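Same chain, two partners: chain A is paired with chain B first, then with chain C.
Let's turn to the complex of A and B:
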């Protein structure tokens, strides 16, 4: 055929690919919009609220002001060096998009909408990079499959639905970009791609603490390649370029600083950098001297290098130049360590190990295609396949240890699964040669390229006679069954996303008595109350989970928040909550607290409330003041955690208990006051009184209760006695009024 | 006065029969036990606890029985053993000041009546019981028990601290040199070095073999994605024994038993192998009819396997709406 015809086929192919990409991106983005459609364009959960607040700060101030931002509205009275203790990549990205939209495209977009929709938009980009990465492993069709998987796999969606404005939202995109560029650099051996890898790595470092994963994975890949004797100048060029540029660049992030040359987490990169210099030297020497001399040279240098290296490492650690293993990193190896020594880590449910249903839930059929993909990688075992194998093995381990790291496992599952599935499709999809050979008589005039004629001649013998019914049926069975599995995969992903990952957790879905959908919006009700009714510099004390939300939505100063950098401060808040009023009042006054906010689910049956988190407050406080707060005191003799009439003395006197159940029995008008979370009856005969704080606001469903801390007494009494005498007076007044009511004035007024 | 003598004598006999062991008897018993603590049984618990004692005891009520499935018992028992061992090491001949302390260990299966007598409905329990005066009747042994609060943390350290606050005996923490481990390590090192010297070429061949690495990696990955780390970190039981029979699958997506890891990884592996057969072997069959048959069989097999797997997943995840073939399992 004419060359123009070939060009035509190529154009159609490119066009098709673009259309497929657009559909994948469309599917990926629309699948993440459940929460926006069901609720509204709202930032989710806790951490995203901080990111959102920081982004707002960035777009309202200059970049340098942002980097030097000292936030005195959190961790009162300590404040937080926010600019130096965050990963700015996410905020800078949305800030840049905002500026481009406003100033170049003249689109006045609200920064909130950019923040909400950033994660879905980036998921489309992730699909592209996954395609490119998989294309390097196998071919374009595998790449398309991988992009499809990546677009809709729940393991990634869980962190990138609309509104989940968190570092992971862009970090996974950058992870895939870095990996693709690294593979490209390693294959081509070009400084250009090496530098691009470093650039993408820098972006990744600026966006997420998980960059350490890359920092260790690429050196490990290189190390294994060196062990297997696959050293090449291309590898040397790629690695040294990436390492030198990437490390220097990563040190520009204020939060990272000198970590890359000091902490043990980063030492693998440096070690391999040194090793590859030695290997390069060895390769050079080898090419210039006879092999006998080279052997002795090799032996002597190995011994020298190893002993020097070990000595150096010990010396540096002993001299305190290298940081010891950090707690968070340690918990990767041994979660028991974290459970015992760092209650804050144990109290975060994301640091729990993963049971198998969680992995299947997040990846569906990829879970069993993944090992098959690894098998194919082992079969070919080119340099880039090794990367997938190492990445797969390690991320599988990490995902098993920590639930949230399923996020890093999902991409490699998509790539490996796509490789496996496309191998199957390669074997069964191609029906062209069946028809070509049977219809070759008619098409004999068309002299195709030489390769196609070869193929034709090889197939001619197999299907000379008539219509290839059985071949077609064979292919139909395999293809239809796998199309069926894929359809199921899509349905599974949609269901999981819709049911498990699309709740903003700021607003809660519920149903009216008649079954119509309703929304419980107590959090925002309370936060807006704080915003509208309290002085701008009011200090609000709440448990750290709600710190970011109070900062973001209520715009008030908080004592502790989700950036849990100061354990003692958190323990202080825990102690204030767990102690009796007298002790608490002192703490509250010392910290200038104006309002105290508690979350209470007893009316609605909302189980994530503060009474259920209370034990963690006690535990964390006990870690600092073991003599003043004791976990044991909050359990009954039988070892039960009770809030009803059997509740312990310490429990009933704690500020948290009082604030949660204050007026709770009055609400029930003599009926049994049942706490619907813990299914326990709150005794109505023991009236809960509060002397040091007064109720300021309680939301519609009682989820959020806000108390105002009373000022010191005017007459210099302590607040307990003041409250007592006030209660007596009011009781007396009540008695007087009833007496008055008994004899109404019925006389005519003259 | 005279006619009182038989009564006194009888009373004396009575106390002799039912009074607990004396301090010196306990000392030899503990020494002979070798473990630093005494195991209670139906036969001997009365002799250890009832009546007059001139020494303190720490009583550990627990059970290792799989049907009771007491996770905390399993977690805590090594700490108890360690503390008892450390105590007997710190005070080999008893304490110089104050009363002696002995560690008692009661397993539910060995001493059911003791558990009944104490009216326990929760285990584990660790009690500190002070020495009892002469006039103690049998039922009073449980009058003064100071339970140990099972806080999370380093159990050995916490228990030591607790014993110290209760008795005032400071237990020295020291780690005994584990000779068996040292010998084992020495032998292992020697064996490895020897094997390396002797079979160098073979070992290198194995180390260089793609098959070995491939199979190893894939097995590891299969274990990791089917919850091996969960079972290890949480030390969950292998399976759960109930009255109606054995529960193999925990009916909760946040929880799993040890056997589930094996089942699930096998299922994943089987599906993978069937997939490989379909993609690599069956596709290269030349005869069209044979290929058709093979494809049908293998596809149906894969479908069945996936259906079984999804039924299992349905047991774990109540309310999950999809299923391939209803096998009536869930």
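Let's turn to the complex of A and C:
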């Protein structure tokens, strides 16, 4: 680092870094734009539609109106206190960007485009924080590698492509920021960094429910440090500052409220906060009291504290002061818990355990670099390495339990992988020592902290003089293989992103018979029909998966949506779908339902349809009404799930089955028709009749079918008998005369 | 063909006479179509006096069962306001267009009123009976008459009235007619019931068994009214003797007809904002409705006849949270400068401490009266962030506020003490250090 004539080496280095950063950000952002280029600037999937709708509400109203928003268009008729039950961070962020663009920069940008492009933009910032975090672990070059990995790892891209306007889009950025600031605060022991950590933590709390991960990870880190006897005033300052400020700040989010002091999920932070006070006291006492007395003091206080703590926890939980653990929490430990107790959690595909291929698919070579990085962390084992180890172990476990938690595993994989790879590069790229004399080689490698390299190089340089061909060759082979791996990694990430994670799932890609690309746009067709053809206050019943989309695209009132806060209400909808017409009609009328929407993939072979989700509806309904809806009734005697001629009576009579297959055989001119999802033949002889609802709209590929709920019969008959008499009438018109001089079978008139 | 043209001519002549005679635009004449069998009734004009169908008030049309050229419904509107079916000899006469069940349903759904008259020997055509069956009235088949072993001649008096809401007086010295079974439909209003010891059976049969009788005792009904959900009315009577002016007025919507003039709700402290769609929990709300009743062709304020007929409001979300009787507060005009024609019923209540989508539901279904129903859905929101009580207004919180303040003050005192006073004060330590250095 000696100053040269024109340029400082340091300046070049900074310049290079900036260029590298810019290109990483460019790669990260452009990789996420596949979806916009392939399709259009559209909000993806399900949850983002709600976030988009909430953001629109925020920019059209004031912040306080948003905070106090009572949403009367969802969860009819319960309504949802939306302002108090969402994490506002995402909406406020894009709302702020929108205001800045419009009012300061005078750019009349559409809020939709901000929402679509927010996640890619933030992925660039994530790369920066990953760099900073990794730099704290090792050095700048490892940081740059980690930033690159973070920019293109599919595990993170899956939640941050353009259009995937979800909480995770900014939450991962904030996760890395909080971790970086925490490491910094812990290392420096400054109140300033502690407060910054708390601030970043507050932003995180406002953005994503996954903040609980931080709430537990930092105390765990501190706890392990305390157990290892690494207590220091710096740790005390950092932790207490973060905990006190962060907890108070997090309680300002209405949805979080008093959870940090009442929920079991948050108790670790409080416990460690108490513990560190005791440890600080102990450290103080130890410095003032002879060691023999300190030992007895220590023993007594340990027993006292532990027993009091455990007793207190039990007592508070029993008295209901501390909320019991939530279901999602249990399912983290016992993967079967949800399946048995909470079907609604298990019904979400992203809550399923992760298969091995998924991890490789999402992280590629990081999957095997990750343990190596952890190993290196163990070798050095400074306080901050301990953090990476704990973070790595826990997130690896959680990612194994739930598919969606690969998202939290990916950053630590990037960091650990980058540490491992940069260690390797440090050792193999450094060829200067090969050409120096043994003495100077030793001197230069003494600067390197790795003792292994040192030994090797010294050995090598002492044994051989002259041109070190073999050494160079081995280095070249190792390096080139890793360059290959890296190149392959980039290819893999690009391929995965373009093929797996760039579909908006609102619009489905397909191919025409001649091979040209086509788009199946049934969802938007149906939602647009609802928007244009139904009264503005019409209530639409559909399975909860489609609630957010109906609210966002069709702008109609829904009964249930993806914010599954009321299991009973969802079970009611499940019951209406799984019951016979007369039972469901009562439910429909009680809830003022005007339209029922079902997804049917039998024509196209679209497997994500409602008949495939039907068992979950049955299970969830059975959880509330075990006597009225039974899962067993929907399986044949052989235990098969059938929709063809062997379908059970409960199946054939259920509203869902009828609405899905209504007039299905007519499509094939009244002949038997094959359901292409389940590869079963729908018999044509059993005609499906609907008395309580009538078909209102079916989209081009039959994916969405909308039914209108009929009014009460004007003559006071129930709709089944009215329908039956009408059908008899038309049968009679065909020539079958029925005479009814028979005395009717009536109850006594009272 | 001849009969057809005669019927048409009658209808047309009636219309022409009406338009020529009446210049003063009084109440609109309602049109009545009487369908009859000329084999049973040779001079249909006699029915006019029997039904007390005043030519001044009604536009009358007579149609024979052999005529198949008249439509009941055109463009989803009833062509005639009321249709009367007289007994027919033929079971399925030629006039399909006015007797088919589907046509009758269509007609009723379009708002037309139907009166069917039965008799022992000849009932209304079979398809009209089928229509009655859909409604829930099952008249005895042809040939069944109401009989009794105890009375040779069955006479009907006010004791036989199942309810006096529609018809208040009854005196038939000798009843010769049919009886019907009826279902438990809530839209049916039994008017006249058979005597306890009577039954209906084929008059040719003497040896009776249980399956040969159609009705038994008070389960047999001689006159039944029906009001569909769209307030169209229908009635069946077992004999022409039971057709009274009261019954005809009821079927033809001339009495017991109610009209909902308005419903409104507002916050009691902001009465000027009417029909708001958003309330807050625990708001004080006023709800009122205006109801008129048709009497002698004019709308007058409606007064419920008894305690049971009081109007009720449900404030519900899945279940009613409130179900309140509305009280009559006075009368007013429904239009500006119009006559006083509307009773105002009102109630005040407090919205429950529960947010959600609530419905102000008025559901008034009383025997014989038109149904009134009205639903208004409003959102009830939770308290906003600045609508809670301030902490210092809650006496319980004073303890905590005080303790927080004490901690702050104590900390300040401690810091002052640590810095400037006491033994280990920073100043003194620093001074001592300096002194040490100097030394």
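Note that in this section the second predicted complex is superposed on the first by the 669 of 750 C-alpha atoms of A that agree within 3 Å, B and C clash if a C-alpha of one lies under 4 Å from a C-alpha of the other, contacts with A are read in each partner's own complex, and residues count from 1 in each chain.
The definition used in the following text is that a contact is a pair of C-beta atoms (placed from the backbone, for glycine too) under 8 Å apart; a residue touches a chain by one contact, two chains touch by 3 or more.
Just so it is clear, the structure is predicted and the values come from calculations on it, not from any experiment.
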| item | value |
| --- | --- |
| Chain B versus chain C as contact partner of A:72, first or second or both or neither | second |
| Partner chain(s) touched by A:714 [first = chain B, second = chain C, both, neither] | second |
| First, second, both or neither for A:393, with chain B first and chain C second | first |
| Chain A residues touched by each partner, larger count belonging to chain B or chain C | B |
| First (chain B), second (chain C), both or neither touched by A:478 | first |
| Touched partner set for A:81, first chain B, second chain C, both or neither | second |
| Which superposed partner A:63 touches (first chain B, second chain C, both, neither) | neither |
| Residues on chain A engaged by chain C in the complex (per definition of touch) | 64, 67-68, 70, 72, 76-79, 81, 84, 254, 537, 590-592, 712-717, 722, 725, 729, 740-741, 743-744, 746-750 |
| Chain B residues within the chain A interface of the complex | 121-122, 149-154, 210, 213-214, 217-218, 220-222, 224-230, 233-234, 253-256, 260-261, 264, 267-269, 271-272, 275-276, 278-280, 283, 286, 288-289, 291-292, 295-296, 299, 302-303, 306, 309, 313, 316-317, 321-322, 324 |
| Chain A - residues contacting chain B, complex | 335-336, 339-340, 343, 346, 353-361, 365, 367-372, 374-375, 378, 381, 389, 392-393, 396-397, 399-401, 409, 420, 423-424, 427-428, 462-463, 468, 470-471, 473-474, 477-478, 481, 485, 488, 491-492, 495, 619, 631-632, 635, 638-639 |
| Complex contact set, residues of chain C against chain A | 101-102, 105, 108-109, 130, 133-136, 138, 141, 181-187, 190, 211, 214, 219, 221, 228-230, 232, 278, 317-318, 355-359, 377, 379-382, 384-386 |
